[in-house]
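When the chains are written out, they are named A, B and C in that same order, and each has its own residue count from 1.
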Amino acid sequence: MAALGLRAFGTKGLCWLRRNPWAPLSAGFCSRGPGPRPTSARQREGIRNIVLSDPKKRNALSLAMLKSLQSDLLHEAESKDLKVIIISAEGPVFSSGHDLKELTDEQSPDYHAEVFQTCSEVMMLIQNHPVPVIAMVNGLATAAGCQLVASCDIAVASDKSSFATPGVNIGLFCSTPAVALGRTVPRKVALEMLFTGEPISAQEALLHGLLSKVVPEERLEEETMRIAKKIASLSRPVVSLGKATFYKQLPQDLRTAYYLTSQTMVDNVALRDGQEGIKAFIQKRKPIWSQCSGQFPQVSASPCHGLNSVPTNFLR
Amino acid sequence: MAALGLRAFGTKGLCWLRRNPWAPLSAGFCSRGPGPRPTSARQREGIRNIVLSDPKKRNALSLAMLKSLQSDLLHEAESKDLKVIIISAEGPVFSSGHDLKELTDEQSPDYHAEVFQTCSEVMMLIQNHPVPVIAMVNGLATAAGCQLVASCDIAVASDKSSFATPGVNIGLFCSTPAVALGRTVPRKVALEMLFTGEPISAQEALLHGLLSKVVPEERLEEETMRIAKKIASLSRPVVSLGKATFYKQLPQDLRTAYYLTSQTMVDNVALRDGQEGIKAFIQKRKPIWSQCSGQFPQVSASPCHGLNSVPTNFLR
Amino acid sequence: MAALGLRAFGTKGLCWLRRNPWAPLSAGFCSRGPGPRPTSARQREGIRNIVLSDPKKRNALSLAMLKSLQSDLLHEAESKDLKVIIISAEGPVFSSGHDLKELTDEQSPDYHAEVFQTCSEVMMLIQNHPVPVIAMVNGLATAAGCQLVASCDIAVASDKSSFATPGVNIGLFCSTPAVALGRTVPRKVALEMLFTGEPISAQEALLHGLLSKVVPEERLEEETMRIAKKIASLSRPVVSLGKATFYKQLPQDLRTAYYLTSQTMVDNVALRDGQEGIKAFIQKRKPIWSQCSGQFPQVSASPCHGLNSVPTNFLR
């Protein structure tokens, strides 16, 4: 059974812009097409590591890279064995953004549309994914590469990292990266980055909300794994319900947001893991989380949860 | 006559979720039920101090605590003698959030719903209250305790304070606290707090917008009182109109926001205290504010103010 | 042909509040009415400098000052020779906000309405203007003066600058400045400024997102000109398309925002300057931007761009 957020990526979700639906790589997680896959992925103890693995091309988000990343994110996303995802990169550049060779007029506008549409789908997939996604950045992230960092739930970077949206320098304003950037940093910071193309340091990125944490390079993996292991030790149904509800309530007015989340709290208390956690706390023992994937909360599938059906009298 | 925001807390406002309307403590401000009240309140020179007074239970926001706090906020809210409210706490913990003993399956889902609904009402009441509400924090504020800080208009904390949303550790994701937190700090900061449950320091909370000011512990009361006295020296009708308008315009598009606030400015200029203040400034003397509570601005009661009736041609 | 954003300032846009439409100064850019104009403007190499030039009145935003500023912003806004605008001020005060002598009851409510409406129009014009607008601040900016800084796309200030919304001190809550301030800094910072009227330093303003950059006074002009020259070296059609799209997508939900911006990216790639920039980058040479003003992107005029017509199936 597919997790909540993933339902949004059905056939219809894929038909926007000017092209036909594109089906996710049916080949699945570890398969390879012709030539090496531009990402690699491995999973252990609930933590999936997805690595952008095309350092020669500065990990450009080519269409092949985007589809490979999408496939790695979607692979068994609903499995109870998956608790958290880390996205990192090989080499000194986290990602340089789109592959400009795919954006010349040697390709059709439909092809260009496919590139931007697939990129947007991947960014929305991260937010709609049932488990937290952490960006681990060690180096330069520019344009759609900066967008990828801004789109993750959590972002940890080394102090030598930097971030820019330099598309304007080559006549291609970073309008899609601006969606993620503009929802992460103050607008004056976003606009100076977008209008000048100049990079900001990791410390500035932290100051302005683009990053969750900055650490020395030698501690980057340790700190990221510490956060990932912490999340992997928690109840997946509880974390998934919390993540989905967070993004659901954020754009709502205060009253609707409290209506939605108060319902979620009641539902969360009623979950097996909710009761187990509370009892373990009161009894001063460690909780034993459910490992049953059937426990995964059906936030909007069940009418009794009602996240999609605010009664009209509430809204008056 | 009830103030603007409070009208939202009529019978209907209280019927959401799965329970019957709950009536505010009719006992009023200084009365006691069986056992000591979990909050105490006193008022002097326009400044009301509400203190969470159950340090043995780490000032847990039990249903009794929430109702007592609600009662202290609502008590004569429309009185001209009330200018500003400070919420503080006894003991080393500002508040540890909900009382978990009220959330086990020994209580019914309806009871759980009452807990979360009452909590949400209190948080919205702070924003809808006609006078500014300041949190004065000296210690740890977690879960709904952190939500309470985030919900106040202004928050001053000692440098030894810290803030966390650790519900995920006990299988109960802080989804209602996330409503206030997600509107106060950048989303990457909010999500790391929510997913890991780890605390942030007062300095980090200041950096990210959860606090207005951080001071050494020995200066906490002095600094908070300085702000409160400043507000108490101002015109209540003007401050109330400004607060209500601020929250009203914030979620609107820019054009609607300027329409609403330009109207408010014209109305504000026409208030007795508006003219008195401007004249006093021009004449280089101290203004003498109206103390007439009938002067309180009827923001949405009067059709001529029109905050609720943007003409359709304006919105085109 | 008028640029995108300016269409919003037609006759209808000007009729809100209680007065008749006001026509922009037909006298144009360099003309003078009776007495000296309260702003001065000059343009060189694509950079227009508009200077608030009434230091004796602390550059108060009188109706005359607002109309002069509006005229300088609107003057040949669609010309390909204009790339970026800098707003600065003569004297130690950037601007002290409205002229209080225009707000006494010696003037009619209709006159007060004209003041606030014109001020709101100027602030929205900055955001809707086809080129970036930079505030260069060296001194105190209060009330509507602080609003002006908050309304610019980029704001650079000297370290001796400070910012306040002190209207509450004179019984006139800064409700219109709060529109810009509340969209720029965290709400707790905004509310403390609004409720107490106390100033924040340039460093605090930077920390909280009101400024893009703070530099020593002696470097203010150099740094601002560096940013302006950078923007002036870029493609105007690309920058204009990017600015308009940024503000258009910001209030949308994520899916709509990505739909809008993915379309913009495809359109941007198809622009002459888009292809020129990408090819120049691949060929490792400097791009040669189009200087043809007919190239200016017709974001919403052309149905094929469709920024205003999200297909219904996309939104499901």
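Things worth noting here:
Rule of thumb we're sticking to: a contact is a pair of C-beta atoms (placed from the backbone, for glycine too) under 8 Å apart; a residue touches a chain by one contact, two chains touch by 3 or more.
These figures come from a predicted structure and were not determined experimentally.
Copies subunit B and subunit C of the same sequence differ in orientation by 120 degrees, per CA superposition (steps of 5). Of all residue numbers that take part in the contact between subunit A and subunit B, under half occur on both sides, making this a different-residue interface.
With each centre defined as the average position of its C-alpha atoms, the distance from subunit A to subunit B rounds to 33 Å. Shared interface positions of subunit B, i.e. residues touching 2 or more other chains, are given as 183, 185, 207-208. Of all residues in subunit B, only 132, 153-155, 183-185, 207-213, 227, 230-231, 234-235, 238-239, 241-243, 245-246, 249-250, 253-255, 257-259, 261-266, 268-271, 273-282, 287, 289, 311, 313-314, 316 touch subunit C in the complex they form.
Subunit C contributes residues 8, 12, 15-18, 100-101, 103-105, 109, 112-113, 116-117, 119-120, 123-124, 127, 168-176, 178-179, 182-183, 185-192, 194-198, 207-208, 251 to its touches with subunit B in the complex.
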